[in-house]
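Every chain is named by a letter (A, B, C and D) in the order it is written, and numbering of its residues begins at 1.
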Amino acid sequence: MSGDAILKVRDLKRDYVIKGGIFTKPRILSAVKGVSFDVERGTTLAVVGESGCGKSTLARILTMIDPATAGTVEIDGQPIDIAKYGVSREMRQKVQIVFQNPYGSLNPRQKIGAVLEEPLLLNTDMPAAERRDAALAMLQKVGLKPEHYGRYPHMFSGGQRQRIAIARSIMLKPKLLVLDEPVSALDLSVQAQILNLLADLQEEFNLTYVFISHDLSVVRYIADKVMVMYFGEAVEYGTRDEVFDNPRHSYTKTLFAATPRADVNSIKARLAKRAA
Amino acid sequence: MLRFLVGRIGLLIPTFIGVTLVAFSFIRLLPGDPLDLLAGERGIDPERKAELLRQMGFDKPMWQQYLMYLGDILQGDLGTSFVSKKPVLTEFLTLFPATVELALCAILLAVLLGIPAGIFAAVKRGSFFDQSIMGTALVGYSMPIFWWGLLLIILFSGILQWTPVSGRISLIYFFPQDTGFMLIDSLRSGEKGAFASAVRHLILPSVVLATIPLAVIARQTRSAMLEVLGEDYVRTARAKGLSPLRVIGLHALRNALIPVITTIGLQVGVLLAGAILTETIFSWPGIGKWLVDSISRRDYFVVQGALLLIAAIVMIVNLIVDVLYGLVNPRIRHT
Amino acid sequence: MPLLEIRNLVVEFDTAAGPFRALDGVDYTVDAGEVLAIVGESGSGKSVAMLAVMGLLPDTATITADRMAFEGRDLATLSPKDRRQVIGKDISMIFQEPIASLNPCFTVGFQIGEVLKTHTRLSGSERAARVIELLKAVGIPEPERRLSSFPHQMSGGQCQRVMIAMAIACSPKLLIADEPTTALDVTIQKQILDLLLKLQAESGMGLIMITHDMGVVAETADRVVVQYQGRQMEEADVLSLFESPKHPYTKALLSALPENATGDRLPTVGDFRALFETAPKEATA
Amino acid sequence: MTEASATQTPATETAVAAKLASESRNATKAMLTEFWYYFSQNRGAVIGLAFFLALVVVAVFAPLVAPHAPDTQYRDSFLTPPVWEAGGKAAFLLGTDAVGRDILSRLIYGARYSLFIGVIVVTIALSGGIVLGVIAGYFRGAVDTFIMRVMDIILAFPSLLLALVLVAILGPGLTNAMIAIALVLQPHFVRLTRAAVLSERNRDYVVAARLAGAGNMRLMFKTILPNCLSPLIVQATLSFSSAILDAAALGFLGMGAQPPTPEWGTMLAEAREFILRAWWVVTFPGLAILITVLAINLVGDGLRDALDPKLKRS
């Protein structure tokens, strides 16, 4: 799997200028302070960190929502720089995103069919009937039914909405999917279903995932490679087993130690300590 | 807080310039040139007219005229009434206390009745009281106050003969009006019955003018309270074992007042617009009546001056409300 | 005598679509010094019972129970006034959204002091001293300075500490924590859980942890109640629950945990549903 | 494209399309049903709506409904009291005015003016307000600042004052009064639209639409605007009633519709001098204004309840 990196990121930086008032100078806030990583085709990179660590900023840069301040991003061999060149149709078809909150990511006034067809309508010359068939096929693929085509988002549960959001994101057959905490807002049982769906889709479409999460147990389950971010810096980067078995940075260790353990041995240890 | 205040004042400057532009353009936008309008049907001979136009600067380019106008304003010269020949500012200052007295009584009435009514309705949500209070408020909110005034006159002045029909005080009293506020002046005069007469004159106009603000404040208080009562911190206050009075009267009300204060501030405009109608109905010698009379007399410099002054008052009151808003809202005070 | 004893509690909400049964005959017992976890997904009614104990349910709720007793006193028959003397003093509660749970218009010091003022006879200066002591106990640095802070000037973790300080102000016998760490980052969650357990161990109070997170259950509980759609699925001590879950729903939940994944796919609750859902549950009209 | 479509014959193709279309209609219908359910929970709103519809019918068919022409002067019946008072005549149910015109007929014709004013004013204010508000909220920056400062200037003048002055410039009359009122009401729509756009524009679904390739126009008017309509609909209803009130006030001050137009406010102005002699000439026009405005405001409250997602979820 080496050499076939679909996403190459080098020394990526993103600063926000916080406007000053009349008496204060503008401040510069660095959300991402120079991160570099590669993601190989068909694999999953998990980006882990707590709120404010810059992982969402990273997601917005990778999906070309916001420009980077410095550094390079190369997707499928093509460098992107939206500040200079904007986003071409072709590039848009390569990267898509799935958001955390399935209640905010679907337009409340748009029926599901229109949600799924919108990317096709705007980026391809596909006739209406074909778009509809594509949408119907995709509904089925993500585990929904054809009769859901004409319904509004509020008629669905959180898990179903997340399926719709995932379906929308792969309508254009992207190469790279950025998943921004896609299961954090879901119940445990629904989370499992969505994780399974993501695994299936990855296999079927040979998708590459950048999976952003704060939940180490999910990351451990889904990731091939892991990057831990802390205050805008990548403090840990390596394969899943390297990172989980042998964390090097002290923050990673703190993070691991803080994650609750639900295995019998840990419970036994805790109870023994409590009894003592 | 200081930064907040400076920001607000900064916002006022462009608005004020805009307001002067509006007042300035008013005279220029009137159909026909101002002197024809002022002269009315009597007409004016062309030579005298050209002379006057030059005197008043109407022959200069627009931007120069505007700068002159701005300069005059900054020196407190808002023009002269064509009817009374007195400076507009002087006339305004003479009449303004009457309007302030009326408006203050009205807003006091509206706040003192509206806020408790709104709180009560919110706490007893869905009850008979809630429905009657809110029903009444909606009627008040829908009221054409010029008609409401007439109706009250028919009832209280016509049929019951309890209150006078017009004016600020009975004509039998005569005393110096130092402050311009009839309630204060009549008390200071020491004349028997003068204060009572002033109060009786004030009641109906105040009620009429208070009607819409009262309805708006009651409705806003209720909805703000309802929103706040559903907040997590109100649940926390209950979980602390506090009495309902403390939960509602302190924890909820303190937060609900924040939007209500904004609403009260917005009533200045409503009050001044209402004053135009109320003062006309009750022949109340304030700036509202002055303005309507000036428009019908085509005394356009008065209208121009009044336009500017009233807008300035609205802006100043809004600034005060903004400051108050900052004071009651710690999220603004401490940033 | 158990600290809190609830038998056959039923809570129904009046909704536009008719009555909705949020809790359908649940039992809880908590002893002094015990940590009980109530675990369930959304819609399981896991918070409803404790809100009923606290008297925090809205007017649309109808509460019936065979028994709902705190230290042997029947809570249902207490007058609102008597109940308020228990609530906030002997039983206190903290919530999921720490920042939203504090009143934005009052200082932290005022909000903690208010509890003492309501439930104790301490003088003003004694209260001030106690507030500082409490802030220290919950690990807030520079407590003297923090007294005059407003909630929006503090982080979520600090606000939750303030909430805890408020809750333990009168040394309660029972503390109810409703998803206390769900809104917080993992590292902060660890600190808050450790703090709660430390305070619990020191004071010997009963602690009820309401959570959706099996990890939190494993890290904190002595005993666990598993709920699903308003019904109690299983009650067991924490070790046996994780070691040998009895109920199919519990088994499903545990196997859906990614860390317990064995094969390529995660088993989902749906795979087990037929085993525990005899009839589809709906609003009983 | 897909297996399914590849194997489909044209006949099943249309069947599928028809089925989807009916499903889609059902979803729309379900939305409307739900909306009506919440609206009809508010009894006052339903009564208000019924009254309003009745008023529209009466206004449209005024010539058929009214017993007399609005401007016919019955010289034998000056200031005839209503039929139930001593001296009342059956021909004039609500009495006559000072020049012998039937008050009821004038009120019926007057409804036409009030509704017309409401419709025109709201249309102008709403369409202008939406365009300016969406532009300000979507683009932010200098455009936003400029638009909002201009709105601040308009809002610095009390509405009736500005309307009066505009009428003074344009000349008294119904058309000019409508233009003035529309201009005065416009800033409220701009502010409301802008606020709604600001709260929506950074939501995930807007970002998703942008990622799907939607351009500015599509994002503004197709993605964001439909989600901002609820407060605007409520505001439009309330503006409808305030337009009627303001027009009547202008008429009352002699600056709106001119006599002998049977506009309600103008009728009141004509009746003012008789207030202590003939209560009916004053009472009925005002009552007509009050009830009409009240009905519309009731509908507005009902719409707010039905459209407010916050109340809906609780």
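Assume contacts are C-beta pairs under 8 Å (C-beta built on N, C-alpha and C of every residue); 3 or more make two chains touch, one makes a residue touch a chain.
As the structure is a prediction and not an experimental result, all values here were calculated from the model.
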Q. So which chains count as neighbours of both chain A and chain B?
A. C, D
Q: Please flag the chain sitting at the greatest distance from chain B, going by CA centroids.
A: A
Q: Have a look at B-C versus B-D and report the one with more C-beta pairs in contact.
A: B-D
Q: Return the chain label for which the distance between chain Cα mean and whole-protein Cα mean is smallest.
A: D
Q. How many Å are there between the centre of chain B and the centre of chain D, using C-alpha atoms for each centre?
A. 26
**Q.** Whole-Å gap separating chain B and chain C, where each centre is the average of the chain's CA atoms
**A.** 52
**Q.** Where chain A and chain D are represented by their mean Cα positions, the distance between them in whole Å
**A.** 46
Q: Would you mind pulling out the distance in Å between where the CA atoms of chain A average out and where those of chain C do?
A: 32
**Q.** Sequence positions of chain C contacting 2 or more other chains
**A.** none
Q) Which chain D residues touch at least two other chains? A) none
Q) Can you list the chain C residues touching chain B in their complex? A) 54-56, 84-89, 92-93, 95, 97, 100-106, 114-115, 118-119, 150, 152-153, 163, 166
Q.
Residue numbers of chain C touching chain A in their complex, please.
A. 41-42, 185-190, 193, 201, 212-219, 238-239, 242-243, 252-254, 256-261, 264-270
Q: Would you pull the chain A residues touching chain D in the complex into a rising list?
A: 63-65, 89, 92, 96-97, 99, 101, 104-111, 113, 118-119, 122-123, 126, 129-130, 132-134, 136-137, 146-147, 149-152, 155, 165, 168, 172
Q: Could you please specify the touching residues of chain D with respect to chain A in the complex?
A: 1-5, 13, 17, 19-21, 23-27, 30-31, 203-214, 218, 223, 226-227
Q | Residue ranges of chain D touching chain B (in the complex, touch as defined) | A | 44, 149-150, 152-153, 155-161, 164-165, 168-169, 171, 241, 245, 248-249, 252-255, 265, 268, 272, 275-276, 279, 282-283, 285-286, 289-290, 293-294, 297-298, 301, 310, 314
